[in-house]
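Presented sequentially are two complexes of chain A, the first with chain B as partner and the second with chain C.
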Partner chain A sequence: MYYIDLGVTGLSFGCMYAMMAVGLTLVYGLLRILHVAHAAVFALGAYATVLVANASGSVGLGFLAAVAVTPLFGMAVYRLLYEPLLNYRADVPMIASVGLLVLMQDAFRIAFGEQGVTFRNNRFAFTTFDLAGVRVNAVQIAIMACAVVVFIGLHLFTTRTRVGIGWRATVSRPKIATSFGVDVVKVRYMNFAIGSALAALAGGLVGLLDNLVDPMIGYVVSYKALAIIVLGGLGSVRGTLIASLALGMVESYGTIFMGQWLNRDAIAFLALIALLMIRPQGFTGTRTV
Partner chain B sequence: MWNVKTKSAAFAAKPVVSLAGILALALLSGTPARAQIKIGFQAPLTGFAATDGKSAKIAAEMAIEEINAAGGELGQKLELIPYDDQAKSDQAIFTANKLIGEDGVKLVVNASYSASGRAAAPVFQKAGVLMISAYGVHPDITRAGDLMFRLVHLGPPQGHAAALFIGKDLHLKKISAITMDNDYGQATMDGFLEDAPKYGIQVVNKYSYSLSDRQFGSIVASVKRDEPDGVYATGYFFTAGPLVAQLRAGGVTAPIIGSQAFDSQKFIEIAGPAAEGTYIVDSFDRGRNDAALQKFFAEFAKRAGYPPENVAAITYSAVMLMADAIKRANSADPPKVRDALAATKNYPLLTGDLIGFNKLHEVIEAISVNVVKGGKMKSFTKLNDLEAFAPPEK
Partner chain C sequence: MSAYDVSLLSVIGLNVMLAVSLNMISGFCGQVSLGHGAFYGAGAYAAALTMIASASVALSLFMGTIVGALLGLVVGFASLRVRSDFLAVTTIGVNFLFTGFVRKQSWLGGEMGISGIPGSGFSSAGNMVMILIFAALTIAVSFYISRSWMGFAFRAVSQDEDAAATLGINSGAYKLAAFGIGTALAGLAGGLYAFFTQFITADTFDFILSVMLMAMVVIGGIGSTAGVVVAAVALTLLPEAIRFVNDYRLLVFGGLLVLVIRIAPGGLADLARRLLMREAKA
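Up next, the complex of A and B:
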């Protein structure tokens, strides 16, 4: 039973990372920018969720607001921060991105307080289901369900629809895609919009699970998601998904062997270092959507 | 702002008047107003620790006003000279040097965190300035020298007290131990692990988590497997809230015993109904039937707009104790104030009765335990076995 418990936990960690990291890897695939400020989008999503949920009394409305606001923010970041810097070396937009992340974290602190915000009415974090002896939290179920829906949806979108196929083409062969009439700039906006909405969803769910949204909320996922997309083979959605789930499992099962000496983050990074030494090109090594 | 602007405009228009005005001002400030005893003050007024710093400053100002309203000390008024150290060591050293060099301060209340207090302590000691650290828990603060005092228990004694409470009061035998892996969390846990065998406590398993973690699924699963009689955890309210909520949601029903920094209304807010029944060792006994404490609560809430936490209460007491020591020393001279402080016996701090200081100027004080009941912190018991959690002497 213990191992199943850990498995469920690992799966929910993994699904959360996947939703966060997919936007990051798509930005990298498209623009070759390490979009560090994606963590700020995650935090913004969490804040939007909790603030609107508390104001309106409906957690659903909170999520709706988060998923509506963050794509605008993501697109604005592209337009105002990255687009003017596209002709510079890749480290220039990355440093700008780090700057934005730090600025946003402090902005959250100043605007909403050091102590963070809790959900006024959060039934979900305290509701658990007993599935054949395994206790699963309602929010954990929601995280896993969201991830499944999101990834199936993304898969269908990029294989069955014209826009999606154009997107995929732009990520893997931008020049050829342009010559076939795909509007690359529109694809970039769509990319930031979808990636940001997913990060916001993940942020809102994590806030709900912790019953706390504080300025630190994006901090750990920021560098962990970066490691995940490297491990997944930069720019690959499939690789990112595999890497996220693998990392979640390692963190969860790692507690058995090393929990006494190392915390979950340290276990994760130990595994990441080991994996990258064995496979520096990541799991897939190719760019695909 | 507006006043200043209009005044300076008026001065500019009539230079003669302005000169006269300045002269008059200079004369006024030169007249023998009573000399002041300056109390230097460091707190994190901006940055990540600003919440605590602001509370501390409000509390310190309340104390100064109260002392001055009663006539000050040695026939002089007390003056608070506050600086923002941002809870950073470099800012702490910088502002300490300003207090010493520019302000000529001889007595300081440091209402800041460990890192900054630890950095400021040797600077003050070297300059012959006396410092009371209101709530900094790093051992190096008092080790900086004979002019340093501290008003809270160090981590290890808090852990010793937790072992005593869990073993002797709650009679729990099998414990899962969860450590926040920063200085404070580890030092406190070390104290617990050291003394646990004395009370027949068996630590089934140990886990650690980082300060930035809020998701404890794997620890919860492991604790469930341990089937402990109780869970002892160190942490801050913002890690403790999610931890306790997730332990309860995961089906852990054993009593949870937390460390001092759980003690915040925010902890109860985060953990919600799951917080019920959580014990907090070395917590702030708010319910004491103490007129001074209740008066402080009311006045603080009026000024700050929110109820005071431990930090505010202990900072207020630090300033009051400083004034008391000046009175007893009949001098504001640091060595004399030091001797008076060291000789303190049974002084009522807002957080509890200070029995005295040991050789290292660490507090000797009973430790109270709170329990969360009906969404509020309630006093549960008081640990009076001072030997069991005696502070270090060097």
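Up next, the complex of A and C:
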């Protein structure tokens, strides 16, 4: 039963990673920028959730606020930070992005304290269900359910609607998409809006799971998310989904078998490097030279 | 000179060594590395262990250099397989792997690090002079490489690997050379650091340091040795200069990083070049 528990933990972490990373991989697909500050969006979402939830007494309202605020922030980051830097080498916007992450993390610390903020009324984190001997936390179920809804929604949006198809077209062939009348700049804004909302959702859920939102909440997730999108083949949503779930599992079981040699993050990156040496283009990416 | 000045100058010297050596890999040869801290750390640990075992300063610095270079060559081989952003993330992984590994090893001091490393026998001012001499040598090597045939080959690989191949440049060999030289210098800096502090922990060599070094390269102007030196000195002094904002240091630092890149995306070297051009025109 212990191993099944680990599997559930790995799966829920994988679902969380997937929601966080999908925005990141799409930003890369569109702009070829490693959007490190996505972690700040994640943290902003977590803070918005906990602050509004505590003020209003409703966790649902907290999530609503997070999903409403972060898209605006994401779009502002694109307009003010990335757009003027698009013609420079990819490491230039990336360093700017790291600067923004440092700034935001410290801003959260100054505004809301080093210790972080806890939910005043969080019955979800302490509610567990017993499914045939396997203990599952209510928030873990919520994470998995959210991920399923989000990815089915994304799939339908990008295959069934005109706007969604234009989005996919822009990610894979921007020039041809333009000649078919797709407004590339609008697609970029939409991309940042949707990606940020999903990261915020993931951030709020992690805050709920740990019952704590502190300034470092985005830190490790951010670099792991970079590993995930690389494993997924940079720019591929399907690849990112697979890589997220795989990484959640590898971490979960890896800590049991390799915990005495390496910590959790190192295991994740070991898996990344090992896989990249075998498949330099990631799980699903096609080899481009 | 106060003890504070001596230690500040030592840190500046070390950061110049690290930024200039990273510039050889990422600037000259175009191989983005976000794991430079790992090579620095490997050099520091190798030097510390050698010093404890042998008590020879020269041998310790040599071992630091060798271990840094060996690890660098391993990552260099990875750079032959993965390109650009894939390489950037691989090197991030190398950094996390290094700190994660060291933290769990009791023979490397684990979380506590290695303390009580025997001193180099010099005073702290003597240590500083040693660091500054090596920093000056690193800068000299960087200028020399930049003007040599090897520097030309590095730039060719950086700009267009396929075109470089048609000129008969073996891009793989030059990438390995860039990684080997750059990481050897980082390892040497690590050895110097071990003598400077006589106490090392994994936290010193974390990913944040690697990002800081990359920020020095980018702000200095990718590929420009002089620009990178200026940026390394400035970015080391900056946190000291804004000490008066004390509690808001990281906030101000992050903000300035964003601001500088927004104003001068091509780095200080590019900014200086443009200012000079304007002078010439006027």
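Operating definition for what follows: the second predicted complex is superposed on the first by the 284 of 289 C-alpha atoms of A that agree within 3 Å, B and C clash if a C-alpha of one lies under 4 Å from a C-alpha of the other, contacts with A are read in each partner's own complex, and residues count from 1 in each chain.
We adopt the following convention: a contact is a pair of C-beta atoms (placed from the backbone, for glycine too) under 8 Å apart; a residue touches a chain by one contact, two chains touch by 3 or more.
For clarity, every value in this text was computed on a predicted model and none was experimentally measured.
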Now for A:L276: first (chain B), second (chain C), both, or neither, which partner does it touch? second
Between chain B and chain C, whom does A:W261 touch in the aligned arrangement: first, second, both, or neither? both
Which partner does A:M75 contact after superposing on A: first (chain B), second (chain C), both, neither? neither
Have a look at where A:I165 lands relative to chain B and chain C in the superposition and call it first, second, both or neither. neither
Counting only touches as set out at the top, which of chain B and chain C does A:A96 meet: first, second, both, neither? second
What is the contact status of A:M144 with respect to chain B (first) and chain C (second): first, second, both, or neither? neither
Now for A:Y88: first (chain B), second (chain C), both, or neither, which partner does it touch? second
Chain A residues touched by both chain B and chain C? 260-263, 265-266
Within the complex, chain A is touched by chain B residues 48-51, 181, 205-210, 212-215, 217-222, 224-225, 238, 241-242, 245-246, 248-251, 266, 269-274
Chain C-facing residues of chain A, complex: 28, 32, 34, 81, 84-85, 88-96, 98-107, 110, 223, 226-227, 230, 234, 260-263, 265-270, 272-273, 276-277, 280-282, 289
Seen from chain A, its contact residues with chain B in the complex are 1-2, 5-6, 8-10, 12-13, 109, 113-116, 118, 122, 125-128, 135, 137, 140, 206, 209-212, 214, 216-217, 219-220, 251-256, 259-266
Which of the residues in chain C end up touching chain A in this complex? 26, 32, 78, 81-86, 88-90, 92-94, 96-97, 99-101, 103-104, 162, 207, 211, 214-215, 218-219, 222, 247-251, 253-258, 261-262, 265-266
